[in-house]
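Chains here go by letter, A, B and C, matching the order in which they are written, and residues are numbered from 1 within each.
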Amino acid sequence: MAKIDELKEEARKVLRDGTVKYIIGYGNGTNGWPAAPIFVKKPEDVDRFIWDPTCVHNLVRFLIDEKRRKARQKQPDKRPVGIFVKGCDSRAIVVLLQEKFIERSDVYILGVSCEKAGVVDAAKLSKKLAGKMPKRVELDDQNRFVVTTESGKIEAAADELLAERCRECPANFPVIYDVLSGEKVKRTPDKPYGSLEKIESLSAEERWTFWKAQLDKCIRCYACRSACPMCYCDECVVDSINLAVTADTTADEKAQRIRWVQRSAESSENFVYHLVRAMHLAGRCIDCGECERVCPLDIPLRFLNKKLEKEAKELFGYDVGFDASLPALISCFRDEDPQDFIR
Amino acid sequence: METSVYTPQLAKIIQTKDEVVGPRAIKTFRTQFVNGGRLDFRCGQCAMLSVFGKGESMISISSSPLVKDYLQFSILRTGRVTAALHDMEAGDTIGIRGPYGNGFPIEEWRGKNLVFIGGGIGLAPLWSVVQTALLRKREFGALSLIYGARTSKDIVFKDELEELKDKMPVHLSIDVAEPDWKDFVGFVPTNVLDKKPSPTNTIAITCGPPIMIKFVIKNLKDLKFEDEQIYTTVENKMKCGIGKCGRCNIGFHYVCKDGPVYSWAELKKLPQEY
Amino acid sequence: MEKTLAKKSFPQWVKALDSWTVYVPRKDDEGRWDFVRADGQETALDISQTTLPPKKILFPQREVFLEFRKTQAGNLETTEIKEVLPEVHPTVVIGARPCEARAAWLLDKVFGGEFQDIYYWKRREPTTLVGLACTPPPSDNCFCPSVEGSPHSEEGLDVLLTDLGDRYYVKSMTAKGEALISAAPKLFSEPSAEDQKRVKAAHAESEKQIKRQVKDARGISEKLKGMFDSPFWDEEAMSCLRCGICTYLCPSCHCFDINDEIETSSPLRGQRVRTWDTCQFPDFTMHSSGHNPRPDKASRLRQRLLHKFQYFVQVYGQIMCVGCGRCITLCPVGIDIIKVLDKVRQDGD
């Protein structure tokens, strides 16, 4: 497991010099999950930062909050914000840079490599612990997870508790950073879309039954959207939300805004919400898995986005989140793009 | 027969009048219930107007409770429901449920002078008190009105204000000078300082944009009005109108049920979150 | 009325309740508990905590208020509206936790009062709540005694079951509860003195097993009065995602939205529908003009805390939080209401 002592030193330095406003990283949680996002402003608090396999959160989401905060201030503090990122998270920053949502100078990136493993899956861990709360999770030198609970320690092979997305991860070290901790262990998963196989083998009828049962559970809490670093639109198509209203917006503009999706958590509305959101993430989702992790009803949302990621790769040769100079997938085309959908 | 408090009564629009045209359009509607419906209310109370298919909007009733033939509402065109209302004509059907809110405590004001201070569409909630005070003139002291709008075109109740000048002092203002404008030029709070209403045995009732209310209250305090002598109505986003959906919650109040009328003495005790 | 019911007779009792619609907790393949319709597969009530509290049965995510339509007859256009009141079959919810029933008791205050919410009462009145005393507490984040509840509280319940190992101690507090026992009287036995001793012991033990606490909740409630303008809220809300999980899963949260949903626009036909809503969404308080009294996460987090622990106390004299701990367990970023309240208590010291 990578050690973050150098990163902490860096963090201390930039906070002391005042070159960075505050740093978003991982600290100790309290609610039974060992890690939680923390925001450190003072150099003496830097020791609160931790790094272990429970650091599952994608902190890039908080860059959106930062941008909104600056927009509300009359004289915003333009210094960059420091942020701890894993490989997957760093690709989210690349996508935000591609879309010019943030500037490179807005972030000071402290990258951490996942080295040979990744993060644990909360559901798998819960099952393993029969509902007991984990107090600490560490990765030992033999690539085994060591989980400490109230009643003692449990060990498991990395594969048993690793998040599915980590097994398929094409970049388990940050692709963009200012400082890096840990070794860059290059991995080429032999089944980059292995988790999709089971669903892909179902017939259309079976797939409908599967998704209907799953999406009927949805209560439209919008946690999936709120956790996604790429869902930053002030005017969300799949909702009545329109935060882009100002005093100058005319009554006509407000009146003519179409309600594509109703608020009711009915089958039809739930389907449209999730499918359209997945479409809007095609070529943008970097599979941080947050949508699925935060869902209180355990809807396997990751499959929707992963499928579109696979199509982006297979049809258009598009790799998401590696090259900030590339245009967004849906806003460009090449002459060689496949045309077999034209009959 | 049990009936839900959320179900509106059906009413027909019997008359519409364009008060202001253009981007900040304001229209006055008079409605009559169909099917024998009725709604008894006090000054300052509001009703939820339904445009079926679009939604509901909480609007203060601007006619006097002493007028039984119709209910009058003046509505600013600002969003989905109000735009749909503006597109309606006499003969169209809407829904009305209410009355909601605490209303103005006009019985406590008997024998006192009343100064009405309004800005823009803010005259509409005050209008029911103005009309009622005129109809019960002997019960109240001296009445006067200080009212202003952005431009002369944005003034509401233009005809009624002309008639009103025969019955009480009416001090109008607009924000920026216009060639034919003879009255005060400036913001309403500044006009208040200019006209110097006396606080002796007087109640000041003000309604308008939040920023105007803030400065009107400040200036009234400078003129030595006590907190209990200043009344205003608070606006907040509302959906249920009966203090259950949580939207208009400020402090331990629901504006739809415990307000929208507040004296400054009461309002300053609530979190300033409106 | 107090009886005992052998655990092996429990499935028969549920079967005997065939003139009610019965909800029981069930675990799905992933280990998640939820209240579902009984279907004969019941064994016993060894549940932990359901994700969605039974509030979803009394106050569903979606509810139709009325239907509207415009019909055209020649030149005449008529608008018709039809109220749609829920016709609810007598219902039993078995396995509600005392905190969840207490939350129903609190919601009764909200939906009652001067304006009775008929949709809520049409569901609440025919529903009988059968609670299960929390021996042991269903979650590591439970803290009901700190907010004036208890793992064996009877508030809001019609029947309270206590697990005594091989049988349940059954205490019925209302006529509705007794009706359930009368549905299968032969299955129930008179409790012995030993049973009564064991129930008392189990209840006392359950209080000791609660792991977390908030000290002096009423004192915190008083202190919150003066903390509206504190910068405290900015700090606490930094990691909030403003998602809505805490409020949707809270047994006592009740904010809702009302919208017109159109089926066809010409001729106009549709429904006016109530759906859950949350003070945590950024557009909850946004005016049509774009003005928003709560534009940032700090003010919204403050609203949630103040509403639960201060405003409700001022209006109804009760703390609105029932200490179930769901918001703590399921908050994606680990915002812990117990820690926040502790910080409030210590603020300024």
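Heads up, the rule we're going with is that contacts are C-beta pairs under 8 Å (C-beta built on N, C-alpha and C of every residue); 3 or more make two chains touch, one makes a residue touch a chain.
These numbers were taken from a predicted model, which means no experiment stands behind them.
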item	value
Contacts common to subunit A and subunit B (chain labels)	C
Chain centroid nearest the full-protein CA centroid	C
Far-end chain from subunit A, centres as C-alpha averages	B
Centroid distance [mean C-alpha coordinates] between subunit B and subunit A, Å	49
Distance from subunit C to subunit B - Cα centre to Cα centre, in angstrom	39
Distance between chain centroids, defined by C-alpha means - subunit A, subunit C (Å)	31
Junction residues of subunit B - those touching two or more other chains	78-79, 82
Sites on subunit C at which at least two other chains make contact	257, 259, 277, 286, 288-289, 291
For subunit A, residues contacting two or more additional chains	254
Residues of subunit B touching subunit C in the complex	2-8, 10, 50, 52-56, 78-79, 82, 93, 95, 210, 235-237, 239-240, 242-247, 249-252, 257, 271, 273-274
Residues of subunit A defined as touching subunit B within the complex	250-252, 254-255, 257
Complex contact set, residues of subunit C against subunit A	30-32, 48, 51-52, 61-62, 140-141, 238-239, 241-245, 248-249, 257, 259, 261, 273, 275-278, 281-283, 286, 288-291, 295-297, 328-334, 336, 338-339
Subunit C partner contacts - residues on subunit A that touch it in the complex	29-33, 35-39, 57, 61-62, 65, 69, 72, 123, 126-127, 131, 133, 219-223, 225-227, 240-243, 245-247, 249, 254, 262-266, 290, 293-294, 296-298
List of subunit C residues in touch with subunit B within their complex	65-66, 68, 70, 77-79, 81, 83, 85, 110-111, 113-119, 228, 254-260, 262, 265, 268, 270, 272, 277, 279, 284-289, 291, 293-294, 299, 303, 306-307, 310-312, 314-315
